[in-house]
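What follows is a set of structures for review.
Look for chain A in each of the two complexes below; its partner is chain B in the first and chain C in the second.
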Partner chain A sequence: MSAFAETLQRSTYRSQWFRIFKRELRGYFTTPVAYVFLVIYLLVQAGFTWGIGRLYEQSNATLYPFFNYHPWFLLFLMPGLGMRLWAEERRSGTIELLLTLPIRAGSAVCGKFLAAWTFFGIALLLTMGEWYTVAWLGGPDHGVILVGYLGTFLMAGAYLAISSCASALSKNQVIGLVLGVVVCFSFMLADIPMMVSAVDALGVDALTEAFLQMSFRTHYDNLLRGVIEARDLVFFGTLIGAALYINTALVQLKKAS
Partner chain B sequence: MQSKTLSFLALLVGAAFFISSVYFGGAALRHWRIDNTEDRLYTLAQGTRNILGRINEPIVLRLFYSRELAPEVGIEDFGRRVEELLAEFEDAADGNIVLQIIDPEPYSKEEELAASLGIRGTMLNAKGDLLFFGLAATNSVDEVATIGDLDPSQESFLEYELAKLIIKLSVAEPPKVAVFSSLPLQGGQGANPFGPPEPAWRIVAELAQTFEVEFLPAERTEPLDALEFDAVLVVHPKGMPETTRYAIDQYALAGGKVCVLVDPHCVFELPPPQARPPIDASSELPELLHAWGVDVEPGVVVGDLKLGHLIPFRNQALPFPLWTDLNTGVDAGVLAEDDVVTSSMRLVSMLAPGSLRVAEEATTTFTPLIRTTPGGRGMDVEQLQRSPESIIALAPTLVAQFLEHAEGTIEFSGVPEEGASITLSDGVRAPVTFEFSTDPEVAEGNEVVLLQPNATAADVAQALRIQILIKGLTVTDTDGLDLEAAHSGAKVLLTTREAGPHGEVEIRQFGDLSAAVDGMAIRGLRRNLAARVRGPIKTSFPGGAPERWEGDDEHLGESTTDFNGIVIADVDFLHDNLCWRGASPLNDNPSVLINALENLCGSNDLLSLRSRGIERRLFTKKEELDQEARKRFQAKGDDLAKKQQKLEGEIRELMQGADESGVVYTSSQQIQKINDKTQELAETRSALGRVKGDLKREIDDLGDTLFLRNLLLPPGLVLLLGMLYGLHCVTRRKAK
Partner chain C sequence: MIELRNLSKQFGTHRVVRDVTFRVEPGEVLGFLGPNGAGKSTTMKMLTGFLPPTSGTALVCGHDILREPDEAKRRLGYLPEGAPLYPDMTPASLLGFIAQTRDLTGSTKRARIDEACSLVDIGGVWRQRIETLSKGFKRRVGLAVALLHDPDVLVLDEPTDGLDPNQKRDVRALIQRMSAGKTIILSTHILEEVEAVCTRSIIIAAGKVLFDGSPTALRERSRTHQAVELRVQGARDARSQLAGLPGVASVDELGEDHYRVLPAGKDPIVRAVTDHAYQAGWQVEHVHVDPGRLDDVFAEITEGQA
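What follows is the complex of A and B.
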């Protein structure tokens, strides 16, 4: 730690986040937790795609069954990945050490977040077998699938940023997890027909539209069509940005207190 | 306390930033998008944009769509696509289109509105749920245009149909069509000066519903104004005056659209046979058509045995090759699927049409719209003109001719061996394998036809026809070249003579016709009966205006914009007798002309809206494997099914000794035999069941294999890499 602290001290602010990013990312592969996450994710996605989504039986040369269930199981997996980002540091006390170093809280937040996001990106890359299978079985529209992957990656990033934020609130990882799931779930409410009709019943069209606009699903589905639209990128981008901003504020408070 | 306030503040700032950027940023960048789909499904064509840009009065588009009921009929994807496309229209029209999506509740005002706009729901189920899925457009003067029932199978033409709807409402007057016709389409004296006046052709009234039709005198010495007439229709041009041709030529060069109907033999022009002076029933427009890149094969009418309309002849239904029923059910290629003019059609009937070809040195693109099957062939029109009888009376002669020329000779040499290969001579590209069954049981119970060595294809076809008639298949299967029927197991007895030790002997064998007929069908080219041409053209009057021309416009030598035209090599198809029986339409014939003119009258923007290639993407591999497996199991299953049939027959025979009460008096030996056979039958049945099961299992197995691979391989890979990395760390630590 001390060697790392020295390196950090010597580095400029700009490269601070990158050093934290590198340390964190390497950290994933030295613990069994990461492998457990990867295995669970890969098993779950295959189960949903082939078992529930019935990719083979539906005979359509798309990866829709694969993407379709991602918002639901990532709702639990991403908070699982994000819960330890800050709660772990707080529990073990290493956060004190990290924050005594002359680095910006923002760099630490970004570094940790990007490492976790990249880690998920690696997990996502490991699902390329599905793409290959569909390409082998028939001629899918590869452009659509590519944008689908982009959408999944963005949505996972949004889940992760929220989870990271939740993790910074408590020493207890479980509380971080539950909080993360609850907040993420609230962004999924618009995917539940009951909720939509409840809001719709209020009779204010603008409100219904606003409600739908806040939904992960609306934006994710837009991307799954194979069209990259600015409003979807803005949605996921600013959501990640806002969550990380709040996250930084929370960490700074911890530092100040 | 202060930290809590601060964190609350941070939360507020973050949330405000997020919400405001989603709203304002999203709205500001609404048009920024990348359509990454292969067919650019979510991008409006430039033609549509131009059309929408020209709207100058507000149009209200009301989509009546029962969204909640859509999944019941599986149209939710299409529904979403329609909604999205309409939203794109709204965006691109810059405020001139107001889109309303309405889900009509039962007995509501919306439902009444839908009904008043001519959109009706379809009863879905016993509960009485009504599915609405139609579009109504109204303009500022309350003119209404509707698409009553949006059809998912026409998804690729959705943009075109919507654009057409918009044009209909934004353009005040119906398109105007100028007609030059040598036939009395409006009624009046026909070709026989002594006959009674003929009534008007009904197609004229049909055209008048969509267009303003103006019949022009045969001789025109003034220019046709491309701004006045949206299209020119030329019907059966016979000896058209030079000045009229020049007028059409200049009209086409100035960007006018022309639809030409020529016919090498117009049956309905002829007076009844008893009062017939020999008249020429043909029409042509060679110079003009050639300049547009189309040649009509001179003196040739086209027939197609496979498409022949069935006419009664001596208690038989005979396919009459010159009366072609262009039926997409018989051959999907006869009506172009990817052109808006023909895409929604299923059946077009033509009578002795001509044959269109791409002209040499054509500068235009030639797109066939209506074609025969590859078996279509031309014949000399003189034969029809010479005949004193009606064309139908010629049917048997013509059928015989078509069969005779149908396709080469099948040559046998010696006794065909099992699996011998026979080549159909005369241009068949691939030699076909002609498999013989030496099993006498196969032929048992089949009526057979003697077929001599060196039998011609016509013999084969004739034999096949008789076979099929005997087998009592449906009438449409009597077509001599119908492959399906051939595959249904018609057998032909082949007899050959060979010198044996005791003199010449006759050897009889049963052969399967399907291979021979397969070979015949691959021959030949489709004949074009109607085609679209588009592209730059030159004048057919290089010397300038002819004498007697009274226009003083400047002579055009080349087209300024791309020419658009449609040429159809038949006129008879528009006659009432070929279009309607009573009030009900017989086929899509009227639509051929209406669609063609509608399409031509549309602006170039509308013409540019080709069909968008939207197709459902399927697992082709799975289907291939499916077929392969099916083929493999078919043989096995066939054998077993045959065995089952045989056993059933044998048991029936053994049981035949039963008396009136059904009691069978048999010896114990016989009982034993029956028991054995029954046992064997049960085994065969279950074996047959197993084969069927195997077929399904094999396909399912592939799914399971793929699933397992995707389920286990990636996690396995992760664990392996993890262990290797772990091992690497441990050894490194030890080394230290």
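What follows is the complex of A and C.
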């Protein structure tokens, strides 16, 4: 086969994920899923930001109260968004339709994940009103806020990749949801003293350090300070990549059962 | 062209498909028969690249499904069991998506979609959500998905299952229309369907191929193939007289003056029976030559295998 034909062929394989991505993203808006999710997300984040976070009363021109609660409610919202990705496909049998097309499981996993992530990105964009409000009330550090948004998007991606993975484990969406929440929750809690001292008791410093580094909160807080550090980006990137890799293996393993 | 080479599948300790080997040539419509749980669907899932075989392999138009899965899948159209479809999509958006994944673009894409749409006659529900469609229409959309890229090989898992008699007839007619030059394999447990649309039949049970031949050859294996059913009046001692005729193996008494004469070999005995009735002066009320019973053959071949 000529080099040209080979390149052409490879580029078609590469774009299969994009076709899945388009179908999935459009799918959100042809069902009530998108609207329900958007409304709930916007209400919840507003409640936390203004009610519990007291953005207005604190009289500081920052979006810290907005970002600060995101790890908590995304802990439930992202597994909610991810739970249907593979469970539904397996329950309805459409996975057989999908994977007997000339599409690799990896492309399907990436396409579905990226569509859901992009959908969350749209939801996140809709919170820009808060940024505008803070800018109107005072003079916030826009750089810090921008990096905060980036951090939130990355963390949501990590939650979502884990949830997508959990969704491939069972045909039952509720099981996918619960598993997703539990695994995400463990990543959230990796830095609380109880967990840290339990690991520390093993007496291996490197392990304790590694364990601390697994905490979503640690990396997210770094980004919330407005500092973009390679290790935080690499952390979320690697976690998403690893989760999607496992996700692909799970889809292959479980698809016919 | 499809070629299965020693295809086997094992789930745990349970061997679902055992060493299945056969070839299907272009122009052939193969009916894949077997009781429930015989391994029909599993075989088809391996052939379409959905399930990896435990051992052996399958070739689609010369492309190994394990080594060149994309090449094999490109040449193959598949209707999975129950025709699963995305409920939120419309036939229009689903076929558009499938066309993209099949690398169809521009005018070719439009032409293929139009052709598939008219072949299965789904123009009337083109913009309706699939979940609102009747079972018959869903099946047709599933068929449109399978044949959209005009594949050389079609694999249809129970294409008429769950449809009403008219829909069944429509789907069979559709398969016959498409069959020219294509290699088609369809699974079913309706024996008459095999005779209606297939040029060849394979029976599997407990994962093993037990019969491979034409539907006619299948029927010829029936005990009652060429048997003569006869109702007469004014016959005394008809049973023993019939049993004494040349070529007759035995006579069943189906009712009063109602007999079934079973042949000893494959040769027709209807002439011998009617000639005798005429000479003996019986009043013949009913004569019927039995073509053979497919369900008898099916039971005989598959029983004791599960």
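By our rule, the second predicted complex is superposed on the first by the 224 of 257 C-alpha atoms of A that agree within 3 Å, B and C clash if a C-alpha of one lies under 4 Å from a C-alpha of the other, contacts with A are read in each partner's own complex, and residues count from 1 in each chain.
We take it that a contact is a pair of C-beta atoms (placed from the backbone, for glycine too) under 8 Å apart; a residue touches a chain by one contact, two chains touch by 3 or more.
This is a predicted model, so every value here is computed, not measured.
Student: Using the overlay on chain A, decide if chain B and chain C clash or can fit next to each other.
Tutor: Aligned through their shared chain, the two binders fit side by side on chain A.
Student: Going by the touch definition up top, name the partner, chain B or chain C, that contacts more of chain A.
Tutor: B
Student: Using C-alpha centres in the superposed arrangement, which angle lies between chain B and chain C as seen from chain A, in steps of 10 degrees?
Tutor: Once the structures are overlaid on A, chain A sees chain B and chain C at 170 degrees.
Student: Between chain B (first) and chain C (second), which, if any, makes contact with A:238: first, second, both or neither?
Tutor: Only chain B is touched by A:238; chain C is not.
Student: Touch test for A:60: chain B only (first), chain C only (second), both, or neither?
Tutor: first
Student: Should A:16 be classified as contacting the first partner (chain B), the second (chain C), both, or neither?
Tutor: In the superposition, A:16 touches chain C alone.
Student: After lining up the shared chain so the two structures overlap, which partner does A:228 touch, if you call chain B first and chain C second: first, second, both or neither?
Tutor: After superposing on A, A:228 lies in contact with chain B but is clear of chain C.
Student: I'd like to know which partner A:99 touches here: chain B for first, chain C for second, both or neither.
Tutor: second
Student: Quick check for you: in the superposed arrangement, does A:35 touch first (chain B), second (chain C), both or neither?
Tutor: In the superposed model, A:35 contacts chain B only, not chain C.
Student: For the superposed arrangement, tell me the lowest C-alpha distance between chain B and chain C in Å.
Tutor: Checking C-alpha atoms only, chain B sits 6 Å from chain C at its nearest point.
Student: Based on the A-chain superposition described above, do chain B and chain C contact any of the same residues on chain A, and if so which?
Tutor: 30, 256
Student: Give every residue of chain A touching chain C within the complex, in rising order.
Tutor: Touch residues, chain A against chain C: 12-13, 16, 19, 23, 26-27, 30-31, 92-94, 96-97, 99-104, 255-256.
Student: Note which residues of chain C are touching chain A in the complex, please.
Tutor: Going by the criterion above, the answer is residues 45, 48-51, 69-70, 73-74, 76, 78, 80-82, 84-89, 93, 97-98, 100-103, 145.
Student: Under the touch definition given earlier, write down the residues of chain B that touch chain A in their complex.
Tutor: Interface residues on chain B, with respect to chain A: 3, 6-7, 9-11, 13-15, 17-18, 21-23, 25-27, 29-30, 32-39, 41-42, 616-623, 702-703, 706-707, 709-711, 713-715, 717-719, 722, 725, 729.
Student: Which residues of chain A touch chain B in their complex?
Tutor: 29-30, 32, 35, 38-39, 42-43, 46-47, 49-51, 56-57, 59-62, 126-127, 129-130, 133-134, 136-144, 146-147, 210, 213-214, 225-231, 234-235, 238-239, 241-243, 245-246, 249-250, 253, 256-257
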